[in-house]
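After this come two complexes, each holding subunit A, first together with subunit B and then together with subunit C.
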Partner chain A sequence: MASSISTGRAGGPGARKRLSGPLAYVAPALVLIALFFIVPVLMLLVRSFLEPTPGLENYATLFGSTTYLNVFSNTFLVAFIVTAVSVVIGFPVAWALAILPKRWSMFLLAVIVLSMWTNLLARTYAWMVLLQRTGVINKTLMSLGLIDSPLSLVNNITGVSIGMVYIMLPFIILPLMGVIASIDASVLRAAALCGANKWQSFVRVLLPLSLPGITAGALMIFVMSLGYFVTPALLGGASSMMLAELIAQLVQSLVKWGLGGAAAFVLLAVTLGLYFLQLRYLDAYKGR
Partner chain B sequence: MLLDFNRLGALRYFLLAFTGLVLLFLILPIVFIAALSFGSSQWLIFPPPSWTLKWYQELFSDPRWLYTALTSLKIAAIVTVLSVVLGFLASLGLNRGEFAGREQLRALFLTPMILPVIVLAVALYALFLRLGLAGTTVGFVIAHLLVALPFSIISISNALEGFDRSIEDAAILCGASPWEARIKITVPSIRHGLFTAAVFSFLASWDEVVLAIFMSSPTLQTLPVKIWTTLRQDLTPVVAAVSTILVALTFLLIFVPLVFRKRQKDD
Partner chain C sequence: MRIKPLFLVAALAFSANGLAADQTLVFTSWGGTTQDAQKSVWADGFSKAQQVTVLQDGPTDYGKIKAMVESGNVSWDVVDSEGDYAVRAGMDGLLEKLDFSVIDKSRLDPRFVTDYSVGSFYYSFVIGCNKDAVKACPKTWADLFDLDKFPGKRTFYKWSAPGVIEAALLADGVPADKLYPLDLDRAFKKLDTIKSSIVWWSSGAQSQQLLASAETPYGFFWNGRLTALTKTGVNVETSWEQNITAADMLIVPKGAKNKETAMKFIAYATSAASQAKFAELTGYAPINLASPALMPQDVRATLPDKQAATQVDTNLGYWAMHRDAIATRWYAWQAQ
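Now for the complex of A and B:
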């Protein structure tokens, strides 16, 4: 994300006076970040190695019990499903938004932005109501005769995945739309002139050229999904618990700070690892 | 011609229909909740048997809802002011200062935005328990400021990028002090960036729920925490009423400035 804002201009024209003591300007924000972000996160990580006894015991517990391993597999499974579904659904929408007449695409964008900025709890509540056993979706399917008894769509991975795709979709549509809109149309015209049919142009030209957008959006959704708390906690159940919920429970209900800290560290390490992967990928792409 | 809408042929009907369906998927649940908030069914039956305002009455007759909303408002207002001021200073330093590690510092400032909020929430909770800041307004403000500041820095940095600094230099040549020039020339020129920073900072705090769950106490709750604790018990239609009001407010906050700005441009 750091790459989305451009860097300051390096040395303006002429002998421009440099800002005197730039560190004084960043100091207030830096103090805030250091005291209330870096210090507490480091303290939590240290506790994961010290409580209740010094050593790697917490990590052994975390990776040694089937309960916790289940939480890890749920987390990665949901993140994977949500990412895959969001990309497949989001790509055609981003494509359409990139090439529709501006008047239309502006209106459609407004709908996406409104959905994105609607309170997260309000949106999750909507899905809790829609997906419940007596909810509209089950009732409609039953009255159409498609099912005989209500499907259990909530308190499990299905519910979590539906609710999360709903929340994550804008995060693939918006960046991907920008990438597709910036593709030079003459490249596709050239492909057509050289005899490529629509399918060939799609698979061999449009898709590869959209790949940076797809990768960036997909990684962002995957990373966000891994650490998501609210939607899994409300739409999921005991058997579909994800990592963020586990961390909250270990710390708040069970007061196991060491184990909770270890789980937080695992989440943090995976998130940062994927984030650096994305930065390197973007650099490599730009450097081509 | 996959990038020319008029020459897509049959494919364009598929794209249009698919996009239409996805947008319905995005917008219908919100409309659905708004409709249910006026429905008479306690069990949220749709379509509602009859229409009523009783959930709104119940909402406004319970002082706790109003109280938590005011708490949210107060915290979001303080966070907005601090976030814009700190964001402006930090952006000035980052954009104009030349020092080693500037880009690393910029990345550090944006990190709270990409890290899982739950990690930050648990870590801050541990620290605040020790400092006695858990369950206090100060604790809430610090927590929300951490997630609001990246939005502020991005908006203001972008605005500063687009601002021609020689205007500020001219004011200084004409005798203004550096701060006089900044406040009288730079601040008005980047007001759109500052405004965007304020809106995003406000929304980041107003809508924030994960940090708030950990920062709250039985006596100090924000509106999202109140919704959260209510939803953990049952799916009362009162939450539909709150949600509808929140959607309406978001709509006003996002689209009224857009329309207003467009008018200004058209004039």
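Now for the complex of A and C:
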């Protein structure tokens, strides 16, 4: 197996060629992935074409019903909102981490990483309590007189987005921090010397130079959000259902494996498509 | 899927080797306080009496049962499932027939006995209300569906199962003895009138949280969860008016490795004493008709079997036949 892969890629870029030695060592892992991931996924795909009757029926159902199309649009909408908000909030944090004195940035980084290590379910339940109509946020806003009746912050797309942004933030902050830290500070000084104001140096210098980090982080968040399950299931409502919830429902409760397989395959196809986009983009960046 | 507590005790699937098979049994249920009680009353007692190691697994997952039976590698021996699923799975050939020479069904509530399943416990869907949060509590299903008299959010069971549809029809004035066959158009029309005010609960713990925090001051609950909430000091009012009963069942997936032991376990779990103790701990009703006599009077008073006069039974046979069609429509309606 190892040899067939290395010969298959022998004509590839130099970076890949160097892998052919170590490839022998990763062969066990590859076999494991093939057996326990690729084969089951293929079986699922086959089922989606065979159950309950052979044909494209499952895909027709999936794309032909407004209910399922709703689920698709919810999924993409939430993934988009979460990605956009994470980038906007994450960028200043990453910037701060990159330019703060080491002592402070290490402390901030520890806070971010610690939150990542806290149990996902516990964090999501905490949001449930914070966001509900009788929760701390609504009660505070009401006692301050800012709102008259509680805001609907949970059991809808708002709740899902808030909970997911919080979970996804580290995935943009960490790669972006590295990219910003590697930007030569003298470039910004040069911009200032040439008469650029702060806004111009941000838009025309800092932002383009951080773009690889933003793209990498944003794509990662988008892809992770598409298949996210726990947070939408707990903070979402029935009408804000996302794809992963639908798949779980079809497989576990309704036991419609053909349709569940079709939904899973659509999700996988979209994810892989985005992943290749990311690879191509990053490869192009590294090539320069 | 149902959001269940986070524990997952690894189930050891012993090979079908005679000695090991006699000594181990895997019991699967939904987790939470219910499975805790099943473990402490049924599994621990059975272990002691029969020298059998009972391993706990969970949560119950119908997709997994299908996968196990199809692949012939069945690692669950006894499973606690919803009643309508148990009846359906029996028809679909996913279950072992129960051995009634081992399980004494003469004392079991006949509503919850089929060739393939016996009741695990039964419960009622009732109206729960947080008295500290509102001036008046809804008493009937019609009240719970009345946004003028009872404004604001209310909570209902999220999953497609016997219960909510019946409640909607009762609220709309359908007589209890004319519920079946279910008029789904009428039920969904009634549900549409309050849809935007519904917060769905997907687990018992979530329903308790919603009521205790008054996020939803009233709603549609499992009676046992309200009993438990009252014990923690929440001022809960329970209305038993037209309480809707449904049951969990004990089943043995086809090809279970420890079938004989499974029958013995079910016999133990459904015995009068086991059912009585389980009911005391959980607030759910025993399915053994001899159990109530073994229970303290104050506990008995809180159980669904004392509310038989106002009780409405769900028709598990009807649900078994139509559960897929109803579920498909239910989830499509919810997601709209």
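Brief remarks follow.
We adopt the following convention: the second predicted complex is superposed on the first by the 258 of 288 C-alpha atoms of A that agree within 3 Å, B and C clash if a C-alpha of one lies under 4 Å from a C-alpha of the other, contacts with A are read in each partner's own complex, and residues count from 1 in each chain.
Keep this in mind: a residue touches a chain if its C-beta (ideal position, glycine included) is under 8 Å from a C-beta of that chain, and two chains touch if they have at least 3 such contacts.
Quantities reported herein were computed from a predicted structural model and do not represent experimental measurements.
In the model built by aligning both structures on subunit A, subunit B clashes with subunit C. Look at A:Trp257: by the touch rule set out above, it reaches both subunit B and subunit C. Contact with both subunit B and subunit C is seen for A:Ala248 once the two complexes are overlaid on the shared chain. In the superposed pair of complexes, A:Leu130 makes contact with subunit B only, with no contact to subunit C.
By the touch criterion stated above, A:Phe63 is placed in contact with neither subunit B nor subunit C.
Legend: residue contacts after superposition of the two complexes on their common chain; A:Ser201 is shown touching subunit B, with no touch to subunit C.
In the superposed three-chain model, the partner touching more residues of subunit A is B, compared with the other of subunit B and subunit C.
Of the two partner chains placed by the overlay, only subunit C lies in contact with A:Ala238; subunit B stays clear of it. In the overlay built on the shared chain, the residue A:Thr271 is in contact with subunit B alone; subunit C does not reach it.
Residue contacts after overlaying the shared chain place A:Arg189 against subunit B, while subunit C stays out of touching range.
The superposed model shows subunit B running into subunit C at a single listed stretch; among 2-10, 20-28, 74-82 or 128-136 it is 128-136. Overlap of the subunit B and subunit C contact sets on subunit A: residues 121, 128-129, 132, 134-135, 234, 248, 251-252, 257.
Within the complex formed with subunit C, the subunit A residues making contact are 65-67, 70-71, 121, 128-129, 132-135, 155, 233-234, 237-239, 241, 245, 248-249, 251-255, 257. For subunit A in complex with subunit B, the residues that touch the partner chain are 1-2, 4-9, 11-12, 16, 18-19, 22-26, 28-30, 32-33, 36-37, 39-41, 43-44, 47, 89-90, 92-93, 95-101, 108, 110-115, 117-130, 132, 134-136, 139, 166, 169-170, 180, 183, 185, 188-189, 192, 198, 201-202, 205-206, 223, 226-230, 234, 244, 247-248, 251-252, 257, 260-261, 264, 267-268, 271-272, 275. Residue ranges of subunit C in contact with subunit A, taken from their complex: 1-3, 6, 61-64, 66, 153, 158-160, 199-200, 202, 209, 213-215, 324, 327-328, 331-332, 334-336. Contact residues of subunit B toward subunit A in the complex are 1-5, 8-9, 11, 14-16, 18-19, 22-23, 25-27, 29-30, 32-33, 36, 43-46, 86-87, 89-90, 92-99, 102-103, 105-127, 142-143, 145-146, 149, 153-154, 157-158, 161, 165, 169, 203, 207, 209-210, 213-214, 224, 227-228, 231-232, 235, 239-240, 242-243, 246-247, 250-251, 254-255.
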